[in-house]
Amino acid sequence: MPENLLEVNNLKTYFFTRSGVVKAVDDVSFTMRPGEALGVVGESGSGKSVTALSIIRLVASPPGKIVGGEILFNGENILEKNNDEMTELRGSKISMVFQDPMTSLNPVFTIGYQIAETVKRHRKGISNDQAWQRAVEMLDLVRIPDARRRAKNYPHEFSGGMRQRVMIAIALACNPQLLIADEPTTALDVTIQAQILELMKGLAKEFGTALMLITHDLGVVAGTCEHVIVMYAGHIVESAPVRQIFQTPAHPYTIGLLQSIPRLDEKRGTRLTPIPGQPPDLSREIIGCPYAPRCPRVQPRCRQERPELKPVGRGEQLAACFYPS
Amino acid sequence: MDMRDREIQPASPLIAPDTNLMVPAEPELLVETPGVIPETEGPKERKPVSPLRESLRRLRRDTRAMVSLGVIIFMVLLSLFGPFVYQHLGGIYDSPDNGPIPATVYRTFYHQELSRQDELPSAQYWLGTDDLGRDILARLMQGLLVSISVAVLVEVIDITMGILVGVLAGYFGGWIDQVLARLTDIIFAFPGLLFIILLTGIFGTWADTTLSNVPIVGPNGNARLLLVSAALALVSWPLMARLVRGQTLQIKEQQFIEAARTAGSSNFKIIWRHIIPNLFSIVVVAATLDISNTIIGEASISLLGLGVQQPGSSLGLMISEASNAVDTHPWEVLVPSLTLAILVLAFSFLGDGLRDAFDPRTKD
Amino acid sequence: MIQFLIKRLIGLVFVVIGVTFITFIMGYFAPGDPIRTMLGEHFSPQLYAQLRHAYGLDLPWYEQYWNFLVHLAHFDFGYSFKTQGRPVWDILKDGVPVSMELALWALVIYLLIGVPVGIISALKANTWVDTLNMGIMLVLYAMPIFVFCVLVQVLIVFIDQETGANWPVANWGTPWHYTWTDIQFKLAPVLVFGLAGAAYFARITRTSMLEVMRQDYIRTARAKGLPERLVIYRHALRNALIPLITVTGVTLGFTITGAFLIENIFNIPGIGTITVSSVLDRDYPVIQATAVLLAIGVVLGNLLADIAYTLVDPRIKLE
Amino acid sequence: MAQQQMATSTATGTTLVEVKGLKVHFPIKGGLFNRTIAQVKAVDGVDLTIRRGETLGLVGESGCGKSTTGRAILQLIKPTAGSVKLNGVELTKLPPAELRKKRAEMQMIFQDPFGSLDPRFTVGQIIAEPLENFKRGNAREIREQVAHLLEVVGLNPYYVNRFPHEFSGGQRQRIGIARALALRPSFIVADEPVSALDVSIQAQVVNLLQDLQAEFGLTYLFVAHNLSVVKHISDRVAVMYLGRIVELAASEKLYELPLHPYTQALLSAIPVPDPEVEARRKRIILEGDVPSPVNPPPGCNFHPRCWKAQQICREVTPLLEEKERDHYVACHFPG
């Protein structure tokens, strides 16, 4: 058994559109240990969702295509698997929960059916009854009251928060080793977000499932994850244990993000420090550090060379910056 | 009307509009639209691109639509100037029946040269003659003129009434909306073709006698055309109005309408400056596609003997006359049929192209 | 459900009243006098007055209309003008089965050819298969149906001449009978009619299928590890077919009208042919009856579609 | 009591907007004859005063009626009942023409940076529209004002002839702000102005709004679901739940000492970007979902999710009362 559950090396996923090649994920590498909770933070267009979809190989193609790198899951390269092997893996070893619970469930099937279907697909020789039993069990686990009766209901009879619980039930039904949650609470209200995060955290621990939580909300990762990756313009700019990301951020972008969001516990009268400008257009060739045009610490070198992700300071903290703080 | 109508306006809101869906939008890339002006860069020399200009640029790249547009322009020019040119290209013909006659006589759509029936194309009759010895090309050009005139007339009424009633019903709701809803219910249940058949059948002879003295539209068996156009417009505008109404409801929900109200704009100004301009694309597409229906409608009515009368010409009438001799002279039925098919297809292709060009989902 | 049915039946009555009113008013204000036309050379004032009374034409228009509605409620369409004294139903009853037969087979072709072609196109979207399919479908769909008829006739003539076959160019066999001769008569019009509609269905199916394939729940189905076959046939198709139900419902009624031109060109003795000849003869009772029949057909088609909807889509509950 | 308290603060002359008993009910039609079979009680009795020059934050979860309240104050939605006074003028009873004139004093900034700008207008036309409506100068003067407004919101006036789709979300939001400022209003309702923007852009817009307030002496009603942002920008914050205000206090105070159980749960649910803080915090996880505003629970409408609920909460609707100085709460058992 390899030490790492997941090892992504130099992943490149490009979108071939009419207006040019969009390098959505460009040379991304990271690892995940079994049972680890990893947060992937970034703004829209930073490549975090595409990274996740690449791991489960669901990037819409065309126009998307994984053009390089390798994704080792339990030591095996996912990118070399054929379609059948891949469908074996999806939903059983690697599962995914998506952003919008309102549209992620099929409206014409009962939720019980949609959970049982996954179980039937991955547990050879299980009977319909047993699969349904498992579905009810899972609904119970995600704390849907009156699970036995509710399993026979259709998705439209559930609220957004409830549907996201169902999605989690589907994802965890086969005890996966890795659960990828792509902005699972963005579409939900804060009080519901708290419920869902709590539930996901608890169940992932209970099942021993590694959790990859993708979000744009730094607060969400602070309370949920052990390790954090910050993405910008298709690159990982910083990677560190959660405490270091927040206490000693090294990359100017991470620092910028932390200073630009208002905090509930801040003192009155503080002023936000915005990041000037816009993220770059990924369909154009970017020379040098993609953050250079917005960076307050930019040096001539940053505009010519692309910095590699390198250890900074102590321990496991990595940053892709020539002049980390 | 056949079921074509409902492609423009689906009977149920649950039917997705029949647009050509391109590749699914990639999840994370949508926010960054190409052409976004980076704040950090200085002003660049580039013309502002209006949404309309962008759509036209997309249309220009659509070969099929552009070929169709070319065909349509050619047919319009042919119907308007074709007869004049054609009649000046032929010389004097010494007719066994009528003596020497110039091309301005024998190349008219109504001149019968009974000694020259059912001929194949020749130097004198470029597309041959029909069973009464009339010049098929001349009749074809006249038929095209009829088709195009009816289409223009019907679309003018269709668009005017459709926008007027549709916008009022969508924007204000109330009784106009109720009346429109009931009207379209009836139109949907009352087959348009039957209505037109009824109207032209019942009032046809009246039109023949009353309107035949009206200049331009009256003579040469065209007296019923106004009636046919009125009937076609009558069944088509409620559908246009319904489409406009639906679109108006959607635009009305957009925040820029609320913003205009906050800016102190009156209802009239909001409708005139914000709603109607934003209806432009959908109305243009619907009208283009509806022209096909109108042309088919007129041809159908003439085909059934209820539209243009002898000695007049219409593509439908030509097909109807020639179809009796389909087994002996297939050429005579093929010429008007194929012309009609090409004309109608051209409008359909152009309409499809326009829809793709205007649909932001196909934006590159 | 009951409430929904009541609502729709009220709507049906409303539409029938609207349709009959339009046809009635048009007939009432039409120039010319049907009785005078009917009598022709044999005109005599007494006979004229007598016939006018017999047809109820001496009453004010609203009483005439009311009488018509009352008779209609008893499924009595009145008597024809042209063939004096012959009940309208007697004239229509031969045409109805013919038109229904034509429409039914056409519908079968819509579904059996249109839907699969649409699905294949959607799954192969933007490949040459799709382009070819949709090109053919667009031509079939946009071309005037009578031009299509004529082209087929020309083709049959050509084949007959070249091979010495004796395939008929027009007419209809015995309704609902399928001997080889019957099939020879029926095949061409049914195919023409069916393919034109199939093209429409193919386009709608393709659009609907593509729309569904973009949905998040399809991605969920894939993320669950379902093989693509199940994703398409279990998760996508069922949702994609929902809009088709409405289209089918609406089409039921419109199919009858589409038959107008086909019947006339192929010389098929259906409702369409009867209607056109009665219009030419200004036989109003027959015209009104066909209009009512068609309207009821359309509304019932829609109603059936609405009911079928609730069976397929759990989101829709009839109030 | 509370009503009187509020009334006295009006008397001091610092009140710009005064809202009393505001209700917005939307009918649901259905049944055999399309009668109104139910009401969505989107806003169900809201009292508010907004002081001149302050920012009043209005927070709540989706469907709580906060946006509807903002729109009803501006008379973009006709209130079902209640009164709205701007500068002492009753707005709900103004005839349409008078109301249009009044719009120069009250403006709105919208949530959707894509939908709030007419795609067929150029930036110049968008910003000029209010100026033209109120005849603020001839064509040349309006052009100059537009250019100035663009500079004020940090956009290059060079782009005046561009169309909205050529700008990014943040830039579009600036265009919307320029339009709202054009008539020099005293009162602006900002409806989720940053929630559609990326986090790094949000701060730019928040700072801009603050700068403009200082420069032009604006009064904001800042409607948002993000409590961190609301707290940052607001002087006072009102918390809404199911069409009613449950708590209103100075923003520091509300955060430090929330009195209503819902506010307490809401605050504890908001993640703080600091793992140390997160590790120490105790979360109140609310059970269940927000009930439907068609059939709100009787009494205090929060009682089905409240851990403090007693019999009285199920029967008697608590009024918004001043429990501490300038701290209003609608709860039978606050604290």
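So that you can tell them apart, the chains are marked A, B, C and D in the order they are listed, and the count of residues begins at 1 in each.
The rule is short, and it goes like this: a residue touches a chain if its C-beta (ideal position, glycine included) is under 8 Å from a C-beta of that chain, and two chains touch if they have at least 3 such contacts.
The chain list, named the UniProt way, goes like this: A, D = ABC transporter ATP-binding protein; B, C = Peptide ABC transporter permease.
This is a predicted model, so every value here is computed, not measured.
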| item | value |
| --- | --- |
| Graph distance between subunit B and subunit D, where chains that touch are linked | 1 |
| Contact-richer chain pair (by C-beta pairs counted) among A-D and B-C | B-C |
| Most central chain, judged by mean C-alpha position against the global CA mean | B |
| Computed distance of Cα centres, subunit D from subunit A, in Å | 33 |
| Approximate Å spacing (C-alpha centroids) for the pair subunit A, subunit B | 52 |
| Rounded Å distance between subunit B and subunit C, as computed from the means of their C-alpha atoms | 23 |
| Chain centre separation (subunit C, subunit D; CA means) in Å | 55 |
| For subunit A, residues that touch 2 or more chains besides their own | 44, 276, 278-279 |
| Multi-chain contact residues (two or more partners), subunit D | 168, 198 |
| Overlap residues in subunit B, where contacts from two or more other chains coincide | 23-24, 31-32, 36, 39 |
| Partner subunit B, residues of subunit D touching it in the complex | 71, 74, 76, 100-101, 103-104, 106-108, 110-112, 115-120, 122, 129-130, 133-134, 156, 158-159, 161-163, 165-169, 171, 176, 179-180, 182-183, 198 |
| Complex contact set, residues of subunit A against subunit D | 43-44, 159, 161-162, 189-195, 197-198, 216-220, 222-223, 242-243, 246-247, 256-266, 268, 270-276, 278-279 |
| Interfacial residue positions of subunit C with respect to subunit B in the complex | 11, 14-15, 18-19, 22-23, 26-27, 30-32, 125-126, 138-139, 141-147, 150-151, 153-154, 157-158, 160, 169, 197, 200, 203-204, 207-208, 210-211, 213-214, 242-243, 246-247, 250-251, 253-258, 260-261, 264-265, 275-276, 279-280, 282, 287, 290-291, 294-295, 298-299, 302 |
| Subunit D residues within the subunit A interface of the complex | 61-62, 168, 170, 198-204, 206-207, 210, 225, 227-229, 231-233, 251-252, 255, 265-279, 281, 283, 285-286, 289-290 |
| In the complex with subunit C, residue positions of subunit B that touch it | 1-4, 6-7, 10-12, 14-24, 182, 185-186, 188-195, 197-199, 201-203, 205-206, 292, 296, 299-300, 303-306, 319, 323, 326-327, 330, 333-334, 337-338, 340-341, 344-345, 348-349, 352 |
